[in-house]
Amino acid sequence: MENRRYDEGLKKLNEIDGQAGRKVIDSLRSIAPDLAKYIIEFPFGDIYQRPGLDLRTRELVTVAALTALGHCQPQLKVHVNGALNVGCEPAEIVEVIIQMAVYAGFPAALNGMFTAKEVFTERGLIAE
Amino acid sequence: MENRRYDEGLKKLNEIDGQAGRKVIDSLRSIAPDLAKYIIEFPFGDIYQRPGLDLRTRELVTVAALTALGHCQPQLKVHVNGALNVGCEPAEIVEVIIQMAVYAGFPAALNGMFTAKEVFTERGLIAE
Amino acid sequence: MENRRYDEGLKKLNEIDGQAGRKVIDSLRSIAPDLAKYIIEFPFGDIYQRPGLDLRTRELVTVAALTALGHCQPQLKVHVNGALNVGCEPAEIVEVIIQMAVYAGFPAALNGMFTAKEVFTERGLIAE
Amino acid sequence: MENRRYDEGLKKLNEIDGQAGRKVIDSLRSIAPDLAKYIIEFPFGDIYQRPGLDLRTRELVTVAALTALGHCQPQLKVHVNGALNVGCEPAEIVEVIIQMAVYAGFPAALNGMFTAKEVFTERGLIAE
Amino acid sequence: MENRRYDEGLKKLNEIDGQAGRKVIDSLRSIAPDLAKYIIEFPFGDIYQRPGLDLRTRELVTVAALTALGHCQPQLKVHVNGALNVGCEPAEIVEVIIQMAVYAGFPAALNGMFTAKEVFTERGLIAE
Amino acid sequence: MENRRYDEGLKKLNEIDGQAGRKVIDSLRSIAPDLAKYIIEFPFGDIYQRPGLDLRTRELVTVAALTALGHCQPQLKVHVNGALNVGCEPAEIVEVIIQMAVYAGFPAALNGMFTAKEVFTERGLIAE
């Protein structure tokens, strides 16, 4: 059953985060492979498998939280990509980040927006 | 035009937060009425008026951010109510808060959940 | 195997947090029993089972983190109890919290210390 | 020389925080008297003795930081009192807290304002 | 009236942040021009227009908050420049940042100081 | 006596942080030498001199706090080195950082782990 969590988690990680997710997992191999295993099993094998919320909303609330926390720009980058991968519109992501100015202040919103801008530029969604 | 922002903001505040929102505004009267004015004009007169995201999603991302930040339980309480007022299901709010365990840790998720529990109990959605 | 994680997690939760841990789990029953399940399975069934660090050190680093974060006083209270339950000396807990003044500022250290004081007083370790 | 830091720190603590400061110091006696000693020696014996900034500005920047951090309401209460004790106008304190909405979000500003309101009410500066 | 907020906000942004402020605004053009508009209208068109606090104090409390929050180094850089632009002495900025060691810990103060050092070096106020 | 705090603090800083600590101190010389002095005197001259906790535990709780706070990667790097310098095993440091996923979320744990990876790689403890 543990294997099922891992296997389904890995599938979900691939679906949401694609190459960026695998890169995070790979980068842990030499120092903490168990942290990689937990990431696959708990967030992706448990939480993102839950039926109560569609993946688009799950990604938008993650973008909100990571923008508000402010110290997680690499993970925000992964999840802006993830949000786009599961079908969120760029404009929706922008809306969520703008709204964070209200709850976490303008600096957090600005830094989140610049991270989104990097992703949008890399994917050719906006001109640099 | 400034008046329009205030008037439409007040309408939106009433629609989303109802009595709880007005109570916050009233409680600022003796010390900082201008902060109340800004809350009506900027979050509710500008941000929540924007068409790019439906109110249900706006409230869910706010619940996510306030849960993750951790030091905003009174505002989280207002917005769990707000989320219910604009049509979110209790189960959706619970999902968002559970997901925050991944991004902000279990203590933040737990404290957010206990705040949601207060609201759900007050509204008779769950037994105490 | 999932059951093993849950069963061993529950045993560990009882060993470390005793009644306080069970109370947290119980208080989630009416709103989010799955969050309770995850707490038992992941922190206590996975992390606290790991052999690389003794339980005393695990509790001291948790006390450090919760003191530094500042917005987790209920969880800090549980873990000051937990630290005592697994054999930490009150003086060691006090040292960890004092040290947090350096890394998270005096207010975080002070609030952490007042939470520890509550626990020490409840357990009759100091006079009120 | 160590004694000089302590003695001058205690004098400064009394000047700025008065009874509220002494209460904090007293409340540490049974659990961590050394933390009390460090508070007197370092913040008040070293930092608040420095000539580069007048006490009024020192208190206003402290009010800003504690409001922005969000998890330090007891210390914010002490320093709103401190700001008034060293000659800040209530309106200046209100301005600083309003400005924090920009940098730390509206919830942090609101919670800071409600703490200031408690102090202003206790001192009879505003009607409840 | 909305235009007046924008126009006066832009003037204030130029006065305080000069080229650095305009650069932030420009960098939002391709992704979220409305966030730029809100920055001009709310912080600079509303808050920094208020008479209750001089611009020097407004900038010092902002430096305090951004140093304490810790995850806003780009904005801290803009506001260290802003503080100098409106007449704060470098030594006053240094005092504010040192004081943050007390309230947010030494790491936050250190990171804030290194950001100030970048600005002071760029402006030729200190040798690298 | 003040000199004794400074002298013993400097010795302790050298013992724990070695060259990395001295580099931080040196980098403050042109802007805020007093902040360097306080770092030597308070954390290293007062706190790390205290007998109540061995240096290995002091470093592990510091690694925990800096990982959880999330915005202190340069200081975390210094203290991962410090932990190794005073005899902590790399595996113990990894355990502490993994555990932070529970209390501060996976992004904080991941960013802490990548900082530890940098240190371990620089010291030849793991292959890049």
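Per-chain residue numbering starts at 1, and chain names A, B, C, D, E and F are given in the order in which the chains are listed.
What we mean here is this: a residue touches a chain if its C-beta (ideal position, glycine included) is under 8 Å from a C-beta of that chain, and two chains touch if they have at least 3 such contacts.
Not measured: the values here are computed from a predicted model.
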item	value
Touching subunit B and also subunit F, the following chains	A, C, D, E
Separation of subunit E from subunit B in steps, with touching chains one step apart	1
Magnitude of the superposing rotation for subunit A and subunit F (Cα, nearest 5°)	120
Listed chain pair A-F, B-F or B-E that repeats interface C-D [over half of contact pairs the same by residue number]	A-F
Distance between chain centroids, defined by C-alpha means - subunit B, subunit D (Å)	30
Residue list for subunit E, restricted to those that touch at least two other chains	34, 38, 42-43, 50, 66, 68-72, 75, 94, 98, 100-108
Overall pattern in which the protein chains touch one another (line/ring/star/complete/other)	complete
Partner subunit B, residues of subunit A touching it in the complex	42-43, 47, 50, 52-53, 57-58, 60-69, 72, 75, 91-92, 94-96, 98-104
Subunit D to subunit F touching residues, read off their complex	1-3, 5, 34, 38, 42, 46, 50
In the complex, subunit E residues that touch subunit C	68, 100-108
Residues of subunit F defined as touching subunit A within the complex	69-71, 94, 97-98, 101, 105-111, 113-114, 116-117, 120, 126-128
Of all residues in subunit C, those that touch subunit B in their complex	24, 27-28, 30-32, 34-35, 38-39, 43, 66, 69-72, 74-75
